[in-house]
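There are two complexes below, and they share chain A, which is joined by chain B in the first and by chain C in the second.
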Partner chain A sequence: MEFLGKIVIAGLMNGSIYGLVAIGFVLVYKSSSVLNFSQGYMLLLGAYIFWFFKASLKLDLLPSLLLALPSGFLMGIAIERITLRPLIGQPLISMITVTIFLSLVLEGLVSLIWGTYPLEQITVFGRGSGTVGSIVLTTENVCAFGVAFGAMVVLILFFRYTNLGLAMRGVAEGHQIVQSMGIGVRRIFSISWGIAGVAATIGGILMGTTLGFQLGLSHIGLLAIPAAFIGGLESPEGAILGGLLIGLIESVVSGYLGNAAGVPATFVVLILVMLIRPYGFFGLERIERV
Partner chain B sequence: MLKLSNVEVKYAGVILVLRGVSLEIRGGKIVALLGSNGAGKTTTLKSISGLLHTELGEVTAGTIEYDGQRIDKLGPEEVAKKGIIQVMEGRQVLEHLTVEENLRLGGYIRKKKSLKQDLDMVYGYFPKLTRLRNSTSGYLSGGEQQMLAMGRAMMAHPKIMLLDEPSMGLAPLVVEEIYAIIERFNAEEATGILVVEQNARAALAVSEFAYVMENGRVVLDGSSAKLAENEDIKEFYLGLSKFGEKRSYRDVKHYKRRKRWL
Partner chain C sequence: MAHTTYYPPSGIYADSFKKDIRIVKTRTQLILAVSAMLLLVAVPLIPGLNSPYLLRLLIGIGITIIICLGLNILTGYCGQLNIGQSAFVMVGAFTSGLLNHSFGWSFWACVIPAGMVAAAVGVVFGIPSVRLKGLYLALTTLGAQIILTWVALFHIPLTSAGFTVEPVKIGSFYFDTPERFYYIALVFTAVMAFAAKNLMRTRWGRAFIAVRDNDRAAEAMGIDIFRYKLIAFAICTFYAGVAGSLLVHYMMWAQLESFTLNDSIWYVVMIIVGGLGSIEGTIFGVIFITALKELIFVIGPMLEGTLAFLPIGAGSGLLLVIIGGVAIFFLIFEPRGLAHRWNLIKAYYRLWPFGY
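Here is the complex of A and B:
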């Protein structure tokens, strides 16, 4: 029982980060119908940029965050501007191909600058631990969970209640319609990519502090994809639930069947969900009136 | 005042759609643009609103001026910000958003005024929408969607509204209702309206002035009252001829009756 509790909590904590990264993925898909397979590598780059401010420049936590998050935003905008904007109006498949190979470019960039070895471990939230019942929680884990969850709630409120968030949902529905209302579609694209960059950076920092800053962080991005699909590609709430579910499955399966089984199990679940509910749990079904 | 002079539009650089269209809308008036399918009515609207640029179309000659400034090179967002809003054909609503969210987006560019006041104005024109404010707009009926699309444009307080076939696919009673609202909106908000129609009867009844297009050209214009009396318009657009007589297919002989303007 104690073992189960432990892996469930670990799973939910990781899951909240997957959910956060998946929101970035969903955001880009919603506004531009592009599946951004480079999301995981944006996470990697974002994490390393933070590490650079925190460890190389030896800044405090707050200034490093204040520098890293806008950098994440700019990273998203730059990727959109340089590689995807010229492709607006081209077949989607070419955009998706670009994002796949962009991943390799980003990874190459990171290993070129920082090398391929894991970077020096840094503490972000301080060390400490407490126990709930018989389960040990470290401060880092709790903080990571809190930040990821907080960021998700903020994003959801943003979509629901702000004009900009509403405009993003509108852009997802039809470009001409929103253009006819005076909303600049390109600006909305940029901002979506920017926010996806920030979400990836936050996820990267949180993952980096618990797992270490290493190239393997990009695999989180790989797990954000099933999270987004399971939740439904258009739904930020779905992305979170998908993330938590993926985290849970990964953790429980690796706990009982060994580490190697964890990640494949999540994809098995993804395939099952796709077979039963092709739109995911909260995805938008095509509206057809009869 | 919105003024098109000799506007020529090409799609993809080779397909000539408009061959020199000139028309004018003075502030606060309703103007009708009639014509059969493929005459270039929708293209004319898109060339004004800038939506042409989003689909490989281009104004290759002539000018479109609004209050003395050329707007034919502007993108749709800038044209909308100048106060010219197009309501696209076929009741284009943002399906997965609720009615109220659609309306809020319509007011995205408006000068900061009370959102509630604007919503109330739209619900005043379309009382039906009030009840539906939290429903997903994709599931509304055709008439309700057309009302929503128009209400969304009203939210921006346009100076000129471009209405593309508001009667398309709607029951006659709903068409009547919608045209009554168009007339009232024009009178109360002093918004100029350019309405494109196949339903010539409805459009001529509310408009002051009308243009008839064919093959990318304006072939006839005049006050709506005068056009409604025109023999050709009667026969080709209103479906009237020799009222009250029985007609046999033998007498129809389409080839004998030529449109006088061609």
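Here is the complex of A and C:
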């Protein structure tokens, strides 16, 4: 029972971060119907940028966060500007493939600058720990969970109640209509990629502090894909619940069946969900008849 | 010169359907094709060209062409993205390898079953996605890559450790050196390329193109989208399986490390650089990317040696940046790939000196 409790807690903690990264997917998908396969590598780059400010320049936590998050925003905008902008009007499949290739470039950049070995471990949130019943919680875990959850709530409110968020949802529906209503499609694209970059950077920092700053961080992007799909690609709430679910499945399966079984299990669940509810639990069902 | 493919060779009039559908239309084309084939056949015999390095490179190119032909049929012709192709190569390779290792079947008996098993596994993974549009196949194929690798690694003892496979033989003649296996690779690549070229000119091929260009219109015309997507996926994975079978019998050793997600992405890079929806383009793309890769394998360590400030592993980083960058460059500036360049050159030749 204690073991189960432990892995459930660990699963939920990781799940909240998957959810945060999945929100990055949802954000880009909602504004451009592009599935951004490079989200995991944006996370990697964001984490390494933070590490650069924190460990190489030896800044305090707050200044390095204040530098890393805008860098994440700029990273998202730069990616959109260089690779996605020229493809507006091309078939969707080329926009999706370009994000796959982008992940090669980003991984290559990171290993060109920082090498392929894991970086030196740094503490971000202090090293305390407390217990709930018999389950040990470290400060890092709790902070990660809190930050991820807070960021998710902010993003959900943003989509529902701000003009910008509504404009993004409009852009996803159709570029021409929105443009003729006076909303700049390009500006919306830039901003949504920027926010996706920030979400990726936050996720990267949180994951980096718990798992260490290493190239393997990009695999979280891989796990966030099933999370976004199970929740439904149009729905931020779905992304969170999907993230928690995926975190739980991964952690429970790897706890009982061995470490390597976690990731494949999430993809098995993904394929099953696609068979039963192809648009995810909270996604928008598009009905087409010929 | 937008519609380059519409310039037929000068003086050739398609006055019957039979003449119109010929692949080789003029004597020049026939001479060029035959001499290219003769040159390829002669490569292992010409001194200076027949180094084992070059032959291994050519064999690799041949096998990769088969893999990418399948992928191009699915992605280029039918418009479905597959980022798990190397998992299906793995299924073919292990099927063939296990049949040979455990039951003693020869390569010739293994190669078709390998393709069939890969196609069957492919269809299983294809079913959930073909109900849906767009990017969903990308997801299930990504899932296939992860799940199949995991199964091979943890659930089949033989495949997790790797095992030996017999080389190809006819009678008692073994194709166990690069010079000998080269011919097997050449014949298979030529046959598979020719089959793909012709398959795409049949009813199936036209249906694939219709599904890619506008699936709603295709369905309205009476094309069963579900069926044709599955057929395209089965063909794609069949090609992967055959290539996998060739690969293990060439290496004489089957192991997991040759089939990673990165390999799958490389195949997509190759067909995009070569040209989506073009058989010639597939061949150009594979050759181009393989040559680029070899070049970087030479330059990367040199750079790492001379520029001391670069961290360890910068060479592999450089490879990724350049390959990814080339692919993005092609997607943005030359979305029709090298095949389009090739058609422009052909059109220039045909229209010369009045190329306006």
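Just so we're on the same page, the second predicted complex is superposed on the first by the 286 of 290 C-alpha atoms of A that agree within 3 Å, B and C clash if a C-alpha of one lies under 4 Å from a C-alpha of the other, contacts with A are read in each partner's own complex, and residues count from 1 in each chain.
Throughout what follows, contacts are C-beta pairs under 8 Å (C-beta built on N, C-alpha and C of every residue); 3 or more make two chains touch, one makes a residue touch a chain.
In this text, all values refer to a predicted model and were calculated from it rather than measured experimentally.
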Quiz item: Taking the superposition as given, does A:163 touch the first partner, chain B, the second, chain C, both, or neither?
Solution: first
Practice problem: Please indicate which partner A:284 is in contact with in the superposed arrangement: first for chain B, second for chain C, both, or neither. | Solution: first
Practice problem: Compare chain B and chain C by how many residues of chain A each one touches, and report the one with more. | Solution: C
Quiz item: After lining up the shared chain so the two structures overlap, which partner does A:180 touch, if you call chain B first and chain C second: first, second, both or neither?
Solution: first
Quiz item: Touching A:96, do we find chain B (first), chain C (second), both, or neither?
Solution: second
Self-check item: Contacts on chain A seen with chain B and repeated with chain C across the two complexes
Solution: none
Quiz prompt | Sites on chain A touched by chain B in the complex | solution = 163, 166-167, 169-170, 173-185, 234, 284, 287, 289
Practice problem: Flag every residue of chain A that touches chain C in the complex, lowest number first. | Solution: 35, 37, 83, 86-87, 90-94, 96-98, 100-105, 107-117, 222, 225, 229, 258, 260-261, 263-264, 267-268, 270-271, 274-275, 278, 288, 290
Quiz item: Can you name the residues of chain C that touch chain A in the complex?
Solution: 75, 79, 81, 83, 125, 127-129, 131-136, 138-140, 142-143, 146-147, 150-151, 153-154, 216, 219-220, 265, 268-269, 272, 310-314, 316-325, 327-328, 331-332, 335
Exercise. Please name which positions on chain B make contact with chain A in the complex.
Key: 49, 51, 54, 75-77, 80-81, 85-88, 92-97, 101, 104-106, 108-109, 136, 138-139, 152-153, 156
